[in-house]
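Just below is one structure, and these are the notes that go with it.
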Amino acid sequence: MADTGHADLMDFSSDTSAPAHPAVLEAMAHVNSGNQSSYGNDEITAILRPELARVLETDDFDFWLCASGTAANALVLSCFCPPMGAILCHAEAHIARDERSAPEFFTGGGKLQLLEGNGAQIDEAALRAALARIDHDFVHETPAHVLSLTNLTESGTAYPAERIRHYASLARDAGLSVHLDGARLANAVASTGATVAEMTWKAGMDAVCLGLTKTGAIGCEIIVLFGDARSKFPELKARAKRSGHMPPKMRYMAAQALALFKDDLWLTLAGTANQRARQVSNMLCRDPETTLVNPVEGNEIFVRLGDETLKALRRAKATFYPWLDDSYRLVTSWATPADTVSQLAQALD
Amino acid sequence: MADTGHADLMDFSSDTSAPAHPAVLEAMAHVNSGNQSSYGNDEITAILRPELARVLETDDFDFWLCASGTAANALVLSCFCPPMGAILCHAEAHIARDERSAPEFFTGGGKLQLLEGNGAQIDEAALRAALARIDHDFVHETPAHVLSLTNLTESGTAYPAERIRHYASLARDAGLSVHLDGARLANAVASTGATVAEMTWKAGMDAVCLGLTKTGAIGCEIIVLFGDARSKFPELKARAKRSGHMPPKMRYMAAQALALFKDDLWLTLAGTANQRARQVSNMLCRDPETTLVNPVEGNEIFVRLGDETLKALRRAKATFYPWLDDSYRLVTSWATPADTVSQLAQALD
Amino acid sequence: MADTGHADLMDFSSDTSAPAHPAVLEAMAHVNSGNQSSYGNDEITAILRPELARVLETDDFDFWLCASGTAANALVLSCFCPPMGAILCHAEAHIARDERSAPEFFTGGGKLQLLEGNGAQIDEAALRAALARIDHDFVHETPAHVLSLTNLTESGTAYPAERIRHYASLARDAGLSVHLDGARLANAVASTGATVAEMTWKAGMDAVCLGLTKTGAIGCEIIVLFGDARSKFPELKARAKRSGHMPPKMRYMAAQALALFKDDLWLTLAGTANQRARQVSNMLCRDPETTLVNPVEGNEIFVRLGDETLKALRRAKATFYPWLDDSYRLVTSWATPADTVSQLAQALD
Amino acid sequence: MADTGHADLMDFSSDTSAPAHPAVLEAMAHVNSGNQSSYGNDEITAILRPELARVLETDDFDFWLCASGTAANALVLSCFCPPMGAILCHAEAHIARDERSAPEFFTGGGKLQLLEGNGAQIDEAALRAALARIDHDFVHETPAHVLSLTNLTESGTAYPAERIRHYASLARDAGLSVHLDGARLANAVASTGATVAEMTWKAGMDAVCLGLTKTGAIGCEIIVLFGDARSKFPELKARAKRSGHMPPKMRYMAAQALALFKDDLWLTLAGTANQRARQVSNMLCRDPETTLVNPVEGNEIFVRLGDETLKALRRAKATFYPWLDDSYRLVTSWATPADTVSQLAQALD
């Protein structure tokens, strides 16, 4: 089976290729004795609640655990967007590009309305124009009910907390709910220095999908509903049930979250991943023909590679994906070894 | 946290309350190093294939892993039943009663057509009548496209292999596909002595949801498509993706299956659960006022309890659910200790 | 083309085989000049409102016009039953048997929960049991949100107003909304002597699909929302739009309704249809081997025919459909000529 | 009620505000006697078939009648695009902008992929790029299954037959089906001089929604499946049934089509509408500050109006809608009187 040999050192394909952090496995083994009530009524999930309250700096929330980020997003969106409504999101958003129309499926035929903007961050003018156009009395068009933001964005940039808060405020004034796809929220938090609270409920989010899978879990995403949005919790559970996202043995998912929240391990791991991305990016940019497509504000690098650099990476058997317009994406993770950087330096010399 | 104290000894609430078998956790830890391709393209999932071929005694299959039995069933059914079609199943089937209309959701509005029969086994006459009524040219009614069978049934009885094969044959002659909900297939196999192959493809199944969660996994169900039904595999994957059932780190699910298939551990565990159920059932039936609603052919007991027995169980703080018509359901699992039986004897004395 | 020759005299296939009443065509021609706003904002639809208020004896309603009874039912049901909810209805209801899973489609995967009862009228005990079972906190089962009644029923019987009111009251006490499929409401009103109001809002209906197509229109069903249910009107219109049930030239549909409501023509026509059914039924029952399956309380006859009678009908080239359990269904309409009765008498002699 | 007074002369709001052509009402009255089989099995619908074959210059087709253009499009699209697929269309297409996510609803959560291009005609490079990107093996993205074209386009321009054919050819080579939204096909045919056949099956269309409502009917759209696409006909009917688009008394819809096809009346009427649009457009453009946004190639004018012209139209109580970017839309119809032109001339002087 896999070891931590050469291939791994040079694997920049995705942060989902990484293993889980050992603490995650240990925590799962630790709860593996005795019976526990099914479907989230177990003692471990109960223990997670106060721990999550600490992380979020509030007790005014409900939460649900889910192994899939796609499902987490689609479940939340279907609670806030009716079948005859629309969801505003960036044209490059994961929900728009990489989830095989999961939002359309879960909402029963709702629509995504795509907005442009640099670095996969929605342009403010585009947002304002979309909000201004909403007319619930004009039955022919599909009015927006939700604004969905992604942080870290799909282009590896981090929305600052103020911008998130400003956008959420515009959306709420227009009667929309606000959702955050936080599959890489830890990376955005580690990168900007904002707190989780500042990035979520303090910024006016109704619902957040807080991802741990890419940060070191096996499969654990936390759907959080804040404040008034908690009224949607029974609906969320019913939708989770009928879509197969109500794990009978939820204790093992709760254990993953507990392990990663302990001593803020998840943020430490995200910090490591971000650091590796900066190091790799700096290395790549030594080639004057290499240019970054977006600033590296998390654990993802979007880059146009100079010919020599590209050849050197290929020679070193580095793995990474081609992206839009002849650019490439390289992703680091909590597990990217420090040796990767030195080895990369060698390869590029 | 939970220990293996008194409560567990007397917990007959569900086999999903049990922990995972230690071998499952060990296997997950074992694969937790190095990078692996995401979304099922990892080496551990690749290793599972030949092992599954051994279990199934055929190589003519495709498979997918999924943490949820509800999702496994609904995904398969949506590949075989169009939105304007129907699924034949028993009125007590899990897909009809306990999955919050997941099949209707995944099929896009397909319909379940409920059939009666003792012990949650479909009555042959009811099946024949339903098949005879299918008329694809009569546009007003919703014609059946799939027969869904459950083994072990929802009433704890086991269809014998011949009966499954006979029903599948009737259904296929009428142009239907055949699906097996095998959330407790191991219990049926252990109980009847039939092989997995005899219970599935040799019996004419197109698709089987082979459950491991209730048998000792954390969360692992295997969707298997046989023979001609393999043509549905790309559709199955696309549907899995958009419903959030394409785990990025699938290696950990594959590891669970590998652990349970090794030396046929899953069947051994199911055998233990079945044995405990028989022992418990025998104990309960010492009370002449206690009568079984259905024969105990797996790890579930459906029973009308005599007053004294009911009181004794309550005193002993046994946990179990009330069922239909004043009956009760008691479920054992691989983890039900042998001590449970002696302690129960004591409680009932 | 068709004339009113022999075949028509003996056509008992359906009331939808009948032509429209001449007044309907005249009314449509009458509004066929000048421009009118589209999508229901025309002057003719505006005129319909007070006329409908007169028919309904209330002004506390909103309404929508729709050419299809299937659509009218499904649209209403999808406003009151969420995707993870269920609809209680009789096992023989049109929405269950004859609409190709339209309710499942429009609700986004909601479920019909079928209840038994003689003459296609729900048995009170079955209704009470179903209501008692609703538990919104038990996430696994699909709780009922709507009771759907049909009057005239699918077996040609008429619920009396008191029974409707009683059932609606039971349902509302359990938190359900109440829907009436009134595709043949005129026949039930004409048969029982109750008023339209007594059969609908006075009986506690939230929403009624008042059918005119089978009573003499070309295609016109009126969806009516009463009282608090009027809050669903914007949703109803949005759902109508996206399902193609927002006719751009609605004036022609409104004209049909106006023609049929004028001088209560619709009730007169239903009375004629009912009378023909009684006459035909009496004629058939002269044969001692002929027995009615249900009492004839509208324009439909469900009957087991004696051999001689069956042969005589076949000889006379009468058209009618075989029904359940070797019975037959014969339907009369407003257009069934008086001569039909005498000709039938001759044929059966 | 409405007459043909001043308001109508100056009504440029929509071609759906117009009445039906008198021949349509006459034809409906003509078939209003005697019984006819329901649901499309009547003699009038049977007569329509050869007449449609004449119009289409082929016998290799199946057809269905539907009162709604939204429904016609969505029904067809749902036969060709699975829930996990996408539909390519122009960003301004009616299916994208004006049908309240009907395609997403009917397909069960399929996606529209929007393409740009001048005059609401898809840009060839955009089409080629979208086709090149389709990868059915890449499960995360939603691959296109259908190309949907609109002619007359939503901007009032007419695709020439060769361009339609070229685009259809590109799409078919990439494995897509091709759909034409022909709500105003008559206007495009009348404008370009191409035949209906050249605009549809000879151009490689699999399915066409041929609209008559905007051309003079009350409500009649014809869904046509050509060649191999005829295999979808049973599915189309089942979908029509469950969405409420299987009119019980279809004879009245067939009569509308027969009236409009007779002596090619529909094309004559479209020609009149087109001529009025050109006349009105010429009149408006006398103002040097008035500029056309798109060439007038049908019965719609998209225009930026000079201040004086705008004031004069307002004074004359002309009705028309504001459109994108400070432009306006004016629509003529078969019923726009010749006097409108002279009256407009007067108003603008």
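Miscellaneous remarks
In this document, chain identifiers A, B, C and D correspond to the written order of the chains, with residue numbering beginning at 1 in each.
As a working rule, contacts are C-beta pairs under 8 Å (C-beta built on N, C-alpha and C of every residue); 3 or more make two chains touch, one makes a residue touch a chain.
Note that this is a predicted model, so its numbers are computed, not measured.
In summary, the pair subunit A and subunit C forms a contact in which both copies contribute largely the same residue numbers, shared numbers making up over half of all those used.
Looking at A-B and B-D side by side, the one with more C-beta contacts is A-B. As a whole-number value, the distance joining the C-alpha centres of subunit B and subunit C reads 42 Å. As a whole-number value, the distance joining the C-alpha centres of subunit B and subunit D reads 51 Å. Separation between the centroids of subunit A and subunit B, computed from CA atoms only, is 33 Å.
Across the assembly, subunit C contributes residues 39, 83-84, 99-101, 105, 108-109, 139-140, 238, 241-242, 246 that each touch 2 or more other chains.
Contact topology of the protein chains: fully connected, every pair of chains touching. Of all residues in subunit B, only 83-84, 86, 97-101, 104-112, 114, 139-142 touch subunit C in the complex they form. Remark: subunit A residues 39, 82-84, 108-109, 136-137, 139-140, 234-235, 237-239, 241-242, 246 touch subunit C in the complex. By the touch criterion given at the top, residues 1-5, 7-8, 11, 13-14, 16-20, 22, 25, 28-39, 42-44, 47, 66-72, 74, 99-102, 105, 213-214, 218-219, 238, 241-249, 252, 335 of subunit B touch subunit A in their complex.
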